[in-house]
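Look for chain A in each of the two complexes below; its partner is chain B in the first and chain C in the second.
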Partner chain A sequence: MLELQLFVNGLAVGSLGAGLAMGFTLILGVHRFWHLAHGAVYLWAAYLTYILLATLGLPFLAVFILIPLIAGTLGGLLELTIYHYLRVRRVHPMVMLLASMGVYIAASNFAGLLFGFDPRVPVTPTLDHAYQVGAISFTLVEILAVLLGLLSFGLLQFILGRTRVGLEMRATMLDEDMATVVGAHLSRARLLSMVLGSALVGWPALLQTVDTGVQPSIGLNAVLIAAVAAIAGGLGSVEGAYLGALLVGVAEMLPLAVLPTEWQSATAFIVLIIFVLIRPTGFFGRTLWSART
Partner chain B sequence: VTEYTAGLLVVILLYTVLSVTLNLLLSQAGLFSVAHAIFFGIGAYAMGYMTTARGTSWIVGTAAGMVVAAAIAAVVAGVSLRVSEDYFVIVSFGLQVIGLSILLNWDAVTGGINGLAAIPLPQIGSWSPDTTVDFVKLSAVVAILVVGIVALLDRSPYGRVLRASRDDPVATAALGKNPVTYKISAFIIAGSLAALAGSVYAAYRSFISPDDFGIDLSILLVAMIAVGGMGRISGAIAGTVLLELLPELLRRLSLPATAVGPVQQIIFGLLLVAVAMVRPQGLLGGTWPDFAATVRWVRKRV
Partner chain C sequence: MKPSIRILVPALLIGIMLAVGVLQPVSTKARDLQAKKSYHAGANLCLTGAAGELGGHMRDGMLLAANNLNKASKTTHLVVDVEDSAANPQQGVTVFNDLIQNRNDQVVFTCGTSVIQATLSLAERAKVLMLNTSAGGPDLIGASPWLFNDFINTRLEAQMMANYMWKTLKLKTAAVDYRSDAYGSETYDAFKSAWSKLGGKITAAVSHDINAPDQLAQVAKIKAVSSSTQALYIMSAGRDAGIFIKEARDAGLNQPMFGIDGVVSQATLDVAGSAAEGMKYTSAYYNLNSKDAITKEFNKTYRAKYGSVAPNTYFTSYYEGVLIWSQLITYLQKHHLAYNGTNLRLALLKQKTFQGLGGSKVTFGKNGSAKIPAALGVVTNGAFTFLKTIKPPKKPKKGGKK
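Here is the complex of A and B:
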């Protein structure tokens, strides 16, 4: 039964990662560079959750509504201040990656300077409630994680599939030239993808903060897992990123039945290696870059 | 020369080896690797293990480290570059994380979280460096050797093919050179030379732990190259010296002890962003990203 329990825990962990991975893959698809500062947005969304809940004492529901908006704003500001400027100057994608890395380092250490490097956990007793179904137990946080993962997936699919801006984003992902020709507004698509992709990390940040707390190192782990999930899903594929994140979550938890926990951080990369070796195009068999060149 | 300055010099010289070899990857081969600290660590740990647990000489331990680093580089680059270069950044992240995890957990060889202690002084022929100044000399010899090797590679036909593989793999292949093979070989060369630096570092410190080889160092090395200037050996060296001296300036500001580390990292991060925005080619750069490649890149996308 331990395996089943770990599988369920893995799905919950994976659903947290799904918000991150879907946002990451959307931004990667539209912008075509590795947005490492995604981890910085996640980290700051988590610290702001902590401030809103513990310092300002806002009710959980208010934070639940506010935090995606805040995370989206952070991402939008990054686009407006740094990325847009770099893109106008037509720098090499490697330089975009460097800038993104710089943002991550500065933002995570700024958090460390302000809050220290130890985990901070706001006290929210109601969410610790555990349920028992047969031999499987799970917490309210885990149920919320799975539900919010599904909700994020549904919302993103709706926006991408049924709205004009969503159509513009998808067009930009496929082919920037043709998107412009058929009337898509490129800089709007880029800004909105950054806002939307960043907003998606809000709920995972909220849940991780109330569940295990926040510390400056969580950002890097988060963005790495998002990147692995995005690769497993096929770059730019939202469905793939969702499935990829669930797979990474389960792959992280299941081996705990036989392996000591120290090796856990390495398991996500075993998934990466398997995909790079066996199916480098991800679940649904597409890659953005190779399709273009 | 005080003991302290000499120690700083040793670290600057060894980090120069790392940044110059990473520069070969980043700007000549076009491979963005954030795993360079792990190759440094492989060299340090292999030498430490061989000399303490196996009782071999420093030279044998160093050679072992370089061979292991080359083998790991060959496998990782061989696997990932043959499939797709798009993921190389993330694969190298994975190598860094798994590598550190192995250093932390493979207690029998690496000593786990406690690291390896009492690593003996090297014996090179009849000379055995035992003061810090001696280690400055040893590090300087290694640094000059490595900078010389990399400079020669840059100017050789090998360097030209490597740059061609970076800019236009299809044309390179059409001319009968396999771009993937060249990139893999660059990764192997950079990895084993980083291991050489690691071996000197371990001998100098005589105690090593996983903390010395974390992702912070890998990112710092990338920052050194980006700030100093991509594509130029002088840029990599200037960036190394600059970013290694920065903490020395901070020490004079009398910040609280716990704030020094984060403030230093914040400055590194902001420097990276500033360089990208104001001078993307770095302080001494100018050849990279070179004009023709930029035009090609822009044409492909706009």
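Here is the complex of A and C:
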């Protein structure tokens, strides 16, 4: 039963990370740099969740709708200001990475200055429910994490597969030059991928905030998990990122049925290393990077 | 009059007026300060990072104490140089070096068992006094001749709680959740030893990283042995402790919960919510209802600045730390000794007993640790409620793994 409980927990944790991972891999695919500020967007989406729920007293449903829009706007602003500015100066992707890291550090420090280092937890009695099915227990937040992970995956698949902007994003992910030749609007694809990828962190940020609160350090772990899941899934693959996040979640939990809990942080990475050795391109990885370099 | 003089004279006049206006308050303040001698202390505090939620209380406690003492003294001006270790041993070493080398601090207030352990050798080499008023790691007792502890040690807490659980509550089995650092793991070792000596059984011992996003796996492992577990003992702090409490209750673990001083944090209550109700804990005890002058001054100035919110334990412990530091300075002044680490240490060893907060006397033992009273408390109606004081065991022994 312990194994089953850990598996269920792993799925919930993985689903929470799936939104982050899908957003991260989408941005990575289109922009071709490691968007570490993804953690900053997540962190600020969490703080804004707190403000909307606890300070402004908005109903949960309103915040549920608003927060992905806000997170998307934050990502869009990053693209329109810092990233666009650097890109027109044709800087090396490493500079973009450093700028992104700078944004993350500044954003988390600013959050610390503004909100302090105490966790901020909004009181949301509507979500404070736990269930017991046989020997397995789970909470309403965990159920929502799984459902919203699936919903995010479905929405993203729809946008990428059935809309013109989705097509542009996919084309840009495959080959920027060819995408331009066939009429894709690069700037639009970049902006929308940043908005969409950032919007995907909205629901995970919301659930994390109502569950265990927000404090300035949560962004780093989030972006780390997103990056690991993106690698496991295959860089640039949304389907892979979703499965990768679930794999990381379960890999963090399941081995603890036999291993001591001291191994928890290491197990996910050990599984990742083994997985990448067996399948270097991840679940659905294409030769995205070798094609570009 | 030449044009240059026409410009120069008014400019000079304006300059003098501005200088007088701007410098007047400064010079008055400077005169006050000139009459007083400044004494600096370093504060290597965890203002950010894993224990960042606590560092602010520590700093504010020190600053309030220094402010109150400065107002009261005509000869001494206390200055606290606050820097941030982020509760990270590496950063703690950098900060410590900066405090003693660049700011020439002769006494350093510290935070975090791991940071203290990392900086002990530096303090010994530089002959700088270290005052620990927050870290409770068992191995800090007698760890260095330059380290003096004025805070409840978690070894004692673990022993007291083991006795309380076994003798008073008649519990026989317990599961432990501890933080995977010196603070948590050494406390677990102390509890394991005390509990097994009494005949108790530990059904599960799980650890978690600092700032772990969840503790679902830890809870699941304890849940697997739930039927044979009578108590849950949490050796963690702040948000981490809150997450465990919340997730344990969500998973249906209804055993009575116990905690060490780290759980006495608003962060724990904020995250755990109603799940923390009924949890019993041990912590340092300061009787703020005492009628002595020091405590009255503390209450008056604290309320004026922070209102009716009860002070955090670390606020009070660092306040008391500054009280001790000021009494060490008085000792040096009285005996015409220079202000340096060696003399501060000598003063502490000679004087031994200091006036603390809450009307108590702080007496440092031969092992460098003060015997301070511990409190047993319980969480009721979302607040930490004092139940009773517990006397610490007479001879705390050094031990535990490093």
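Rule of thumb we're sticking to: the second predicted complex is superposed on the first by the 278 of 293 C-alpha atoms of A that agree within 3 Å, B and C clash if a C-alpha of one lies under 4 Å from a C-alpha of the other, contacts with A are read in each partner's own complex, and residues count from 1 in each chain.
Criterion: a contact is a pair of C-beta atoms (placed from the backbone, for glycine too) under 8 Å apart; a residue touches a chain by one contact, two chains touch by 3 or more.
None of the values given here were measured: they were computed from a predicted structure.
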{"item": "Clash or fit, chain B versus chain C on superposed chain A", "value": "clash"}
{"item": "Chain B versus chain C as contact partner of A:L97, first or second or both or neither", "value": "first"}
{"item": "Which superposed partner A:G112 touches (first chain B, second chain C, both, neither)", "value": "both"}
{"item": "Touched partner set for A:Q132, first chain B, second chain C, both or neither", "value": "second"}
{"item": "Winner by number of chain A residues touched, once chain B and chain C are compared", "value": "B"}
{"item": "Chain B versus chain C as contact partner of A:Q157, first or second or both or neither", "value": "neither"}
{"item": "First (chain B), second (chain C), both or neither touched by A:E262", "value": "both"}
{"item": "Which of chain B and chain C A:T73 touches, first, second, both or neither", "value": "neither"}
{"item": "Identified clashing stretch of chain B versus chain C [206-214, 224-232, 242-250 or 278-286]", "value": "206-214"}
{"item": "Those residues of chain A which chain B touches in one complex and chain C touches in the other", "value": "109, 112, 116, 260, 262, 265"}
{"item": "Of chain C, residues touching chain A in the complex", "value": "47-50, 52-53, 55-56, 180, 206-209, 211-214, 216-218, 220-221, 223-224, 238-239, 242-243, 246, 249-252, 266-267, 270-271, 273"}
{"item": "Chain C-facing residues of chain A, complex", "value": "1-2, 5-6, 9, 12-13, 109, 112, 116-121, 123, 128, 130, 132, 137, 139, 208, 212-213, 215-218, 221-222, 252-253, 256, 260-262, 264-265"}
{"item": "Contact footprint of chain B on chain A as seen in their complex", "value": "32, 34, 82, 85-86, 89-99, 101-110, 112-113, 116, 176-177, 220, 224, 227-228, 231, 235, 260, 262-263, 265-266, 268-269, 272-273, 276-277, 280, 287, 289-290, 292-293"}
{"item": "In the complex with chain A, residue positions of chain B that touch it", "value": "26, 30, 32, 79-80, 83-84, 86-87, 89-91, 93-94, 97-98, 101, 104-105, 215, 219, 222-223, 226, 258-259, 261-263, 265-266, 268-277, 280, 289, 293-294, 297-298, 300-302"}
